[in-house]
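Okay, so subunit A shows up in both of these, paired with subunit B first and subunit C after.
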Partner chain A sequence: MYDMGMAQSVAAEAAGKVSARGVQVFYGTTHALRDVDIDIADRAVTAFIGPSGCGKSTFLRCLNRMNDTIPGCRVLGDIRLDGEDIHDPRVDPVQLRARVGMVFQKPNPFPKSIYDNVAYGPRIHGLARSRADMDVVVEKSLRRAALWNDVRDRLHDAGTGLSGGQQQRLCIARAIATSPEVLLMDEPCSALDPIATAQIEELIHELADQFSVVIVTHSMQQASRVSQHTAFFHLGELVEYGDTETVFTNPVDPRTENYITGRIG
Partner chain B sequence: MSIPQQSLFASDPGTARRRAAEARFRAYGLGAVLVGVAALLLLLSSVLSSGLGAFWQTRIHIPVTLAGAALDPLGGRDPAAMRKVTTIAYGKVIEAALRDAIAQAGIELPLTDAEIAAMLSKEAPAQLRNKVLADPALVDGTIEVSLLANGRIDGYLKGRVTMDSAQLDRNVTPQQLLLADRMLARGMLSRDLNPGFLTAPDASDLRPEAAGLGVAILGSAYMMLIVLGLALPIGVASSIYLEEFAPRNRWTDLIEVNIANLAAVPSIVFGVLGLAIFINFAGLPQSAPIVGGLVLTLMTLPTIIIATRAALKSVPPSIRDAALGVGASRMQAVFHHVLPLAAPGILTGAIIGLAQALGETAPLLLIGMVAFVREFPAAPPEGFFDPAPALPAQIYNWTQRADPAFVERAWGAIIVLLGFLLVMNAAAILLRRRFERRW
Partner chain C sequence: MDRRQHIVTAFDRDLETIEALLARMGGLVEAAVVDAIRALETRDEDLAEAVRRGDKAIDALEEQIDIETARLIALRAPTASDLRYVLATMKIAAALERCGDYAKNLARRSTVLAQMPAIDGASGSIRRMGDAVRLQMKNALDAFIQRDLELAEQVRLGDHDVDQMYNTLFREFLTHMMEDPRNITACMHLHFIAKNIERMGDHITGIAEQVIYLITGNLPDDERPKADHTALAAGDHTQEGAWQSP
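Coming up: the complex of A and B.
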């Protein structure tokens, strides 16, 4: 049922930052993701939607090879970042993850100070030459994550002492401190209240000026609010991918329509 | 079927049964706790009542005139020459001094000279000799000395020896006990705190009053140093590897099963192993802390590995994800984030493993740690190869001796051992409280 022609037409019009061809993922003997072809645009927000267990988070984790850390997980197929195969034996996943940052579903700040949380990435990648450099990086990241004004006076307090929304923004600041080119967000708002969610969404908008943002979400409203492109996954397949507006108003595949109108999922 | 509607105030037979079952269960639980507490109290009270006496010792206080003719026949006050004078000469000096002091005090009892001399410990001449050799200028003067009393006299003051038991005892007469009473009344005899119990070396069967735990404590401390120095790094390194890096396959499963089995191996088996491998095969000295430490290391490793793996497992995976997500390598994620969070659990496990090792007796019996050793071992690392007993082995040793005074000392040594264990366990709890983090 997968429409090859449609995916190719999307690929042609988008300036592909990340492109995936024939991606398969297995957890042991379970075939979790089948034949995913997708091109993710630069400086735009791409949303992955779909019912639970459809493989959207699995695919997201393929993009920075976080699936490598899961025992028994195998990824086949071709994923390219700026045309370079990320599964090439010469690629160190550590370097890849510095360029493809990730924000997780549950806020997971390190149990260290706010400053150290943000400074950790730049520190291990040697991005700041001096203490003053680092201060600049930390301030810039916190400002872009819209957290600076909340925490400027308590940079050396524990990051775990912040509220849930602030913790998630801290995690975003930590992810963007290494200036990644792609930012992967795995349901970043699922643990947050509507106010914090609104703040994060606004932030995603701003981040899309510099990064290619990929967000997995369960909320179709959120997908329609924040993204320019939407991909619908169902039972391990990429069913439909296109402009957000098209997918939501005029879906090609009946499964997409059923999901969006609330009949499945 | 639905719950029949009735007033909330009316009691329903099903609920009453459930409440009765709950009350019974709580009673069982409380009963179990009370039995446990009672057992603990019984243990502690019997240990304390039997052992506290060892921390006090009876001493005889008399003036002694140190005649130069007897103690320094050459007259040069040369320590080398004075060393040739044995304790026999000193024994004669203090026996005479004791007789004089008793006469001076006006105590008149039908006692032979030998009976009066037997009031003193056989260790007393050595005490005086050490004192004089340390300061030869004392010779030809008169000094006040406190000398150890005989173990039977000490037992009389502690209630272990009575007039009735003295009738039947070849080592003490009722007349001597009467003399002790008189001397006590005149302040020539007193029961004082006994620091020697913790610092002095063991003593022979004939002088229980002089026996101490000094060498045994040092031996145990050396073994603990070895266990800490070997078991902690090896255990933590293997746990980190198994938990964070090793692939899950048949080999790691096999290793896992074996670690669990190793933790359950009876300690005596480790003793046989130590005897066969470290002493017979590798040729390490018997009775040495190095062998005891190696055997206890083998015993402690599984405990430390299991505790460390549990501590590593309890660090939430989201922390590892967070570190890997910003581009940390596996090792950076472990050493920067996981290990610091697991450290309190690792330390607690290590201390509990050490406490276990400190109290372990059976393997030490097999590798000769029950030896009678009066020499203090040298400072580490040479001292690791010098013979020394260990605390639990010393306790075992003392319980095997004939004189009941040694039984009191064995109980006293148990108090010391329990004291060390209590301190270690308290340290483990404090560390956990202090550094534990929650999410």
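Coming up: the complex of A and C.
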């Protein structure tokens, strides 16, 4: 049977939700990333692992042009979201960041109410026409972030009054409130205890039904638990990229093997 | 394969502990096979008894390896070649434990056979088969210790010869039984012994395959040439399990 729709979706999948070709990043004269080629899958979790300073955060920031905001930072190469060049002059970086959301290492809620934290993005992007509309967006985002039941009775309390794990889920709710297509998470659990970490991991699992999730993590266990694809970076290079299962049972490159088995490389 | 040190040196010590246990277990099983076959050939009932009693030590080592590997998985969450190492070790220990059981079974039958008239040429043929299997076992364990892929492949293919020896013995025993029905009891015991040795060969092949997995990350997938045709020779009802009971 010939199915045009199928053929197209297969082609889209092959190219990835996000595809990067020949990405180089410089901070002044520091060459932080060298020639990165990668296709990131839609509706799946991709983990970036590697020693500190290898360029994971730098590459993550390329994907929503956050590096544009860093003085002296220069990004070369081609990055496409659904085949569209994100560096095209017609692309508004603020709009891009609504489509490619980001969650940081330290939970960083705004010093505002829980409600306003979540409503912030939809408000600046004009995604809700009325107060009632906004209530729906806020509730939906908090539910998706598995926080609704914890905060439904105190939506107007300060976001900063929540526990660490709740704050991080609030930041996730804030990031997904604009209905992004890609969610970037830079070590989202490194400030959390194991229970809060497990809750975030469970959440990542569920979010991957709707989004392409990219997570930077220093925990090999976390990478292997939550992701379907793993990319290993080393000294600014993408050394190995493949199925998480393969990378963790039978990596190809000795540098990957040494890193994930905790050997002196 | 990379055998560089871990940053956490206790990890290396744990792996060394497991490797030492497995090496000791391999040594005991090899010795049990040699002694059991010698006990059969020389009708040495004391030696047979020693083999039977020695099996407890082998079982205990397997259990200890299980405990140590489970602990390592729980505490160190091994990945990549470390993970393959732990999995391979558990399976190799299980295969060795089975070989130990076969040696014990062989020793038990040799005690029974010692009370019966000898069958011409039988214990010599069994010894040759036993020697072949013991060499296979030694090579499989060496391949593991030295991470020697070529040797492991050689062991895997070498099982063919053991199967051939078993086929030959099977016919030999049939002939003896047909010539003189008074030989039947002894020949049945001898046949079970040969079958036990043939099964050891299969477990040793399994060990070699684990070594291949450990080194390459892949189990060999092409079907190994199998040369045990006795099931056809003796009719369909001779399921493997039926030949197994002591």
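One rule holds in what follows: the second predicted complex is superposed on the first by the 248 of 265 C-alpha atoms of A that agree within 3 Å, B and C clash if a C-alpha of one lies under 4 Å from a C-alpha of the other, contacts with A are read in each partner's own complex, and residues count from 1 in each chain.
Here is the rule we go by: a residue touches a chain if its C-beta (ideal position, glycine included) is under 8 Å from a C-beta of that chain, and two chains touch if they have at least 3 such contacts.
Values in this document were obtained by computation on a predicted structure and should not be read as measured data.
Room for both subunit B and subunit C is found when the two structures are superposed via subunit A, with no clash between them. Once the two complexes are overlaid on the shared chain, A:101 sits against subunit B while remaining clear of subunit C. By the touch criterion defined above, A:124 lies against subunit B but remains apart from subunit C after alignment on the C-alpha atoms of chain A. Once the two complexes are overlaid on the shared chain, A:262 sits against subunit C while remaining clear of subunit B. When the two complexes are overlaid on their common chain A, residue A:229 makes contact with neither subunit B nor subunit C. In the overlay built on the shared chain, the residue A:66 is in contact with subunit B alone; subunit C does not reach it. In the superposition on chain A, A:254 makes contact with subunit C only, while subunit B stays out of contact range.
When the two structures are aligned on the shared chain, A:144 is found in touch with neither subunit B nor subunit C. By the touch criterion defined above, A:169 reaches neither subunit B nor subunit C.
For subunit A, the partner touching the most residues, choosing from subunit B and subunit C, is B.
Measuring only between alpha carbons, the smallest separation of subunit B from subunit C in this overlay is 28 Å. Looking at the complex, you find that subunit A touches subunit C at residues 220-221, 224, 248-251, 254, 256-258, 260-265. Considering their complex, residues 247-248, 316, 318-329, 332, 336-337, 341, 437, 439 of subunit B touch subunit A.
Of all residues in subunit A, only 64, 66, 69, 71-72, 94-98, 101-104, 106, 108-111, 120-121, 124-125, 160, 171, 174-175, 177-178 touch subunit B in the complex they form.
Residues of subunit C touching subunit A in their complex: 2, 4-8, 11, 77-84, 217-218.
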